[in-house]
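Next up: the structures, one after another.
Here chain A shows up in two complexes: once beside chain B, once beside chain C.
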Partner chain A sequence: MANDREILREVWEGKLPVCFKLDPDEVVELQQPDPFYLMVPRLSYFPLVTDKVRKHFIKYVSSDTQEHEMWLEYSAQPMKWHFPIGVLYDSMVDSDHEALPWVITVHFDKFPETQIYRFSNKETVESYFMACLKEADVLKHRGQIASNMQKKDHNQLWLGLQNDKFDQFWAVNRKLMEVSGENDYFKYIPFRCYIEDGYRQKLVKPVGDDGKRKTLNDLLNELFPDKDNVTAKIHGMIPPLETPLQWMSEHLSYPDNFLHLCIV
Partner chain B sequence: MSQPDSNLDLQEAENSLQSLSIAQEGDTPSLTINKQKVDILLKPTGNAPIMKKKKWTVDSDKPIGWIIEFMKKYLKIESQEKLFLYVNQTFAPSPDQTVRNLYDCYSTEGKLVLHYCKTHAWG
Partner chain C sequence: MELGEWRQNVLLQLQNRNKRETQCYQDLITQHTKVFENANSLRHENLQLSIQNEKLKLEGGNGGKSSSALENRLNEEVQQLKQKLLVQAEELTDLHRRKGENSQQIIDLNIKLQERDSLIASKDNSLAECQSKILSLKAEIAMLTQANRELKHVNDTLRDEHSTLQLDFSMLEEKLRKTQRYFVFVFRLVYNYKIAWIDHKELKEELKQIRDQQSMFNEELLKLRGENEDNQEIKRENTEIKTELQEVRKTIEIIDKGRRKNNVVMNGLKFDNNEPAVLVEDVKAFLNQQLKVNVTPKTVTRIAERTWIIELQNEADKRKIMENGTKLKDMRGERVFINDDVTKQDREKQNEIRIFANQERQKGKEVKIGFNKDENRQLVERLIKYKAKDADRMNEENDNFLKKRYAKLQKDLEEACKDTKDLCSKDIQEGYGPLSQSTLPSRVHAKFDAHEGEVNAVKWSPLDRLVATGGADRKVKLWDISKGQSKTA
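This part shows the complex of A and B:
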C-alpha cells in the first residue's frame, strides 16, 4: 500500500485556522480578553491542542469556574471533543457559511452534561482513540494486527498523533494499513457516515461478489438505498464517487483508521 | 424472544434515566430508519456481577451509554463506579455509539453480544 505517500502527508498536514473567543457573559474582568488564534491539525482532537487556549482565557473568568472543564461551542451547538477536528468542521460548518478563521466560542461555565461527554484528562482521549483503532482493525483484519502489536507500538501511534509526528505515526500505522496474507483487500472498510446529530456504520466490503472493486458510490448506495445524489465530504474535499473504497481506506482514513464521511 | 417483563423493566429504567439520554435528540426520522428493536446478550467477564436475565430487547437507536446506565441500575452498581462494555471481546464502543450501528456490524446469529466488566478487560 501507500504508493501514494505524498497524499498521506498532504492529508496529515491539513490544518484549520481557528479563532477562539471567550463567551462575553463569562468575562468578569473589566476588559474583554483578546481572541486567541491557533492553527490546528484537522486530524487531531480539540483536547490535545487547547491547553494554550485555556491558559489564555482562564484569568478572565470567575474564580469558581476556573477549575471547570473548558468546552467549545459553534453555531449554538457544543462540540464533541471525541470527534476529530476535521470531522467537526466538515459536519458543523455548512458550505454557505464557510469562512476562515473558524470562530469558536469558549466556555467554562454550564457544561452541557446531556449533550457532550466529559473528558477528565488526555488519557480519556487516548483510550477513546485506541478503541477506535482496534475497532477499525476488527473490520479490516479481524483484529489480528492491532491485538498482536506491542504496547510500545500503541504508544508510538498515540504519541505520533499527539506530537504531530508523521513519520513516527506512519512507521506503525502502515502495518495496520497492509492487506493480510494473500488478500488484496481489507475484509470490510471501517467508516462512519455523519448525518444530523450522529453517525451510521455498516459492514461494507471493498470488493463485490463479482470480484469488482467497489467505489464510494457503492458505499453510499448501500448505506442510503432510497436516496440519490448523496454527497460525502472528507478532509474538506468531496472525493469523486468513482474513488475505489480500498484506496480511500488506505489513504484518506483518519489516524483512528476510520474514514469519517460527512454527508453534506 | 424477550420475556414480557423485559421491556417493562427497560421502560422503567428509561423513565428514571431521562437526564442521561445523550444523543437521543437526533430522533427525528428522515434519513434514519423507523424504530427497530434488536436483541442483545450481556455476558459478564472477570469480576463482574452476573445478571439474572442476560438477553434483552432494546430500541436500536439507544446509545451504548444508556445501556451502561441501565445495567448499573439493574446490578445496583453506584453511578460513579465504572462499568465497561466490550464488543467482540476486543474494543470498548464509545458511549454515544448506537446499538444499531454495533448490531449491523458485529451481531452474530441475530444478536449483539456485549461483554461487561468492572475493570478494563481488553486494551
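This part shows the complex of A and C:
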C-alpha cells in the first residue's frame, strides 16, 4: 500500500536543471542564441516541457527547418523522448563527474529517424504513457483495474503528470497501487532494467515460492545471475539492496507504474 | 509495515538528491529565467530603438551633413517626383478622356436642355395666355357680377318704386274713385242745379207765356166748345163706317178660308208633265207611295218652280195628309214639305202661336201644336190675353209717366211762381236732401242666413234680381231676392 507520502512527495519533487543550447551549425543568425535554462521534473517527459525551448530557438534557425520536429542530443546521442527525464539523466550522465546543469543540445535538422521515434504531438506521448500504465497493471493485477477505470480517470492521471499536480495524480494512481483481493502482493513487479544498449524486462514476483518477501537484491540476482555487485540506480539514488520489491514498486515507481532501474 | 533501515536510506538519498539537483538550482534558474526574459525584452527594445535611431539619423541627414547625401536625397526626391509626375500624367490622360466623355454628355444634355427649355417656353407662353385669359375672364366675371349687382340694385329700386307707385296708384285710384263719385255727385248736383236754374228761367218765361196762352186758350176754349158738338157727329159716322169695313173684311176672310180649306201646298217636288189630269195622277201616286195615304186630289196647280197647290176632295183627306206629313222627313234625296194652304193672317197667327209655344216649352210646359185643333185656339186666346195685359201695362205706365210729368210740371210751375230770391242755396239744399235720403235704405227687405262664419263679399247681379254672396266657408251662393232663398251653392 502506497501510503508513505513522505517518500512519494520526495520522489515527485525531484527536478533537474537543464541548459538547452542550440546546435551552432544550425544557427543562421549572426548572433549565437543564449542558452535556455529550465527546471524539468524527473518524472515528466521531454516533449511536455520543451515548448518554451522550441519557441526560443526557432528564431535562430533557417526558415526551411523551422517546421521540422525538434530533437535533443546529449554527448552525441539523441534523447529517447519516450523515457522519463529522470531515467534519461540517470542512464546517460555520470552524475559524479558531470556538473549540473545538464547541458543538452537542441537540433531541428537531420532528425535521427533510425534511433528515435518520431512524435507529432503530445497525444503520441500520452498514448505511449497509457500503454505503459496498462502494461504495468496487467503485470500487477492482470489488467483489471486500469481497464475498469473510466476515461476521465485516465485523463486525470495524464493531466496530473503534465501539469505537475501531485494530489491530482495520486488520487487516481493509488488505486493502481492497491493490492487486489486477498493477496498482499502484486502478481508481478513491473520493472525495466536499463543497461547501456537498452532495457531488460522479466516476470518477477514480489514474493518467493517460500512466501518470503523478495528484495532488490533478489531481483538483480534473478536478472543478472552471473554478475555480482550490480548497482541499480533509480531517481538519482541507489536504493539499498535489502529494500523489498513490493514496497519499491509501490513507492518508487515512475508515473507509468514501472520501476526504471539503471544499472551502473 | 515494518520500516527498515533501507527506507531511511532511500529517504535520505532522495532528500540529498533533491537538495543537490533541485533546490540549489531552483532559485537560480527562476532568476535566470527572469533575467533572460528581461534581457530578451531589452534586446527587443534596443532593436526597436536602433531602428528608430536609424530613421532619425536619416531624417537628421536633411540638415546637410554632406552635399552628396543631399544630392542623393534630392535625386531620390526628383525620382519620386518624376514617378509621381508620370502617374499624374497618366491620371491626366485618363481625366482628359473622361472629360471628353463628359463634355459629350454635356453637349447631349445641353441639347436636351434646350429642347426642354423650348418646351418650357412654349408651356410658359401657353400658361401666360391662359393666365391672361383667366384674368380677362375674371375681369369679365367681375364686370358681370358688378353689372348683375347693379341690375339687382336697379331691379330692387324699380321694385321699390313699382311698389310705391302701385301704392300711389292704388291711393290715387281710390282718390280717383272718390273724386269720381264726388264728381258724379257734384255733377249731378250741378246738373240738377243747372237744369233747375234753366228750367227756373225758362219756366219763368214759360209761365208768363203760359199765363198769356192760358188766357188765350180760355178764350179759344170757349169758342171750341161751340164747335165741339159738330165734330161729335162726324166721329160717330166715322166709327160706323169703320165697323162696316171690318165686317166686310171678315166676310172676305171667311170666304178665302173656305176656298183654301181643302188646299195643301207642296214644296220640293218636280213634275215633268204640266197637264192637269196627268199631274193629278202623279201627285196621287206620290202621296200613295210616300205617305201611304189613298187620296185623290181635285186639282193640282203650279205656283212656283217646285211649289204646287193641291186641292183635295174634302177636309178629311187634308187631315190625313197633314197627319202623315212628317213621314216625308224619312224620304231620302229631295226635300219635300207639305203645308196647309192658309191666308196671310192665319200664317202670321200660326207663326205667333209657334213662337209662343216654343216659349211655353222653354218654361217647361208641355205644348203641342196640332192641326186646327182646340188647343191652338186656346193658345191663341192665351196669347191674346197676354198681349192685352201687355197693352194695359204699357197704357198704365204711360199714364203714370204722364201723370208724373204733369205733376212735376205743375210743381215746377208752382215753384216758379214763388219768389225767385234765395233760390240757388235753397235749391241745392233741397236737391241734396232728397238724393241722399233716397239712397239710404230705411227698412230690411229680406234676411238671409247665408254662410257659416264671415261674409266677405256681396254683389248684385247686373241683370236679374239676384245677389251673389261669398263667405268664409268657401262657398258662393246666389240668392233670389223675391223668394228669399238660396238658388245655388
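The rule is simple: the second predicted complex is superposed on the first by the 262 of 264 C-alpha atoms of A that agree within 3 Å, B and C clash if a C-alpha of one lies under 4 Å from a C-alpha of the other, contacts with A are read in each partner's own complex, and residues count from 1 in each chain.
Note that in this section contacts are C-beta pairs under 8 Å (C-beta built on N, C-alpha and C of every residue); 3 or more make two chains touch, one makes a residue touch a chain.
Keep in mind the model is a prediction, meaning the values are calculated, not measured.
Undergrad: Clash or fit: chain B against chain C, after overlaying the two structures on chain A?
TA: Pair status: fit.
Undergrad: Could you tell me if A:138 is touching chain B, chain C, both of them or neither one (first, second, both, neither)?
TA: first
Undergrad: Examine A:236 and indicate which partner it touches, taking first as chain B and second as chain C; both and neither are also allowed.
TA: second
Undergrad: So in the superposed three-chain picture, is A:75 touching just chain B, just chain C, both, or none of them (first/second/both/neither)?
TA: Neither: A:75 stays clear of chain B and chain C.
Undergrad: Now for A:198: first (chain B), second (chain C), both, or neither, which partner does it touch?
TA: After superposition on chain A, A:198 lies in contact with chain B alone.
Undergrad: Once chain A of both complexes is superposed, is A:224 in touch with chain B (first), chain C (second), both, or neither?
TA: It touches chain B, and chain C stays clear.
Undergrad: Which partner chains sit in contact with A:62 here, chain B, chain C, both or neither? Use first/second/both/neither.
TA: neither
Undergrad: Between the C-alpha centres of chain B and chain C, what angle is opened at the C-alpha centre of chain A, expressed to the nearest 10°?
TA: About 90 degrees between chain B and chain C, seen from chain A.
Undergrad: In the overlaid three-chain picture, find the nearest pair of C-alpha atoms across chain B and chain C and give that distance in Å.
TA: Between chain B and chain C, the shortest C-alpha distance works out to 27 Å.
Undergrad: Would you mind writing out the residues of chain A in touch with chain C in their complex?
TA: Of all residues in chain A, those touching chain C are 1, 4, 6-7, 10-11, 13-17, 34, 36-39, 100-101, 235-240, 242-244, 247, 252.
Undergrad: Quick one: which bits of chain B touch chain A in the complex? Just the residue numbers, please.
TA: Those residues of chain B that touch chain A are 19-23, 25-26, 28, 30-32, 65, 87-88, 90-96, 98, 101-102, 104-106, 123.
Undergrad: Please output the residues of chain C touching chain A within their complex, sorted ascending.
TA: Residues 1, 4-7, 9-11, 13-18, 20-22, 25-26, 28-30, 32-33, 36, 39.
Undergrad: Show which residues of chain A lie in contact with chain B when the two form their complex.
TA: Its residues touching chain B are 80, 82, 113-117, 127-128, 130-132, 134-135, 138-139, 143, 147, 188, 195-203, 224, 227, 263.
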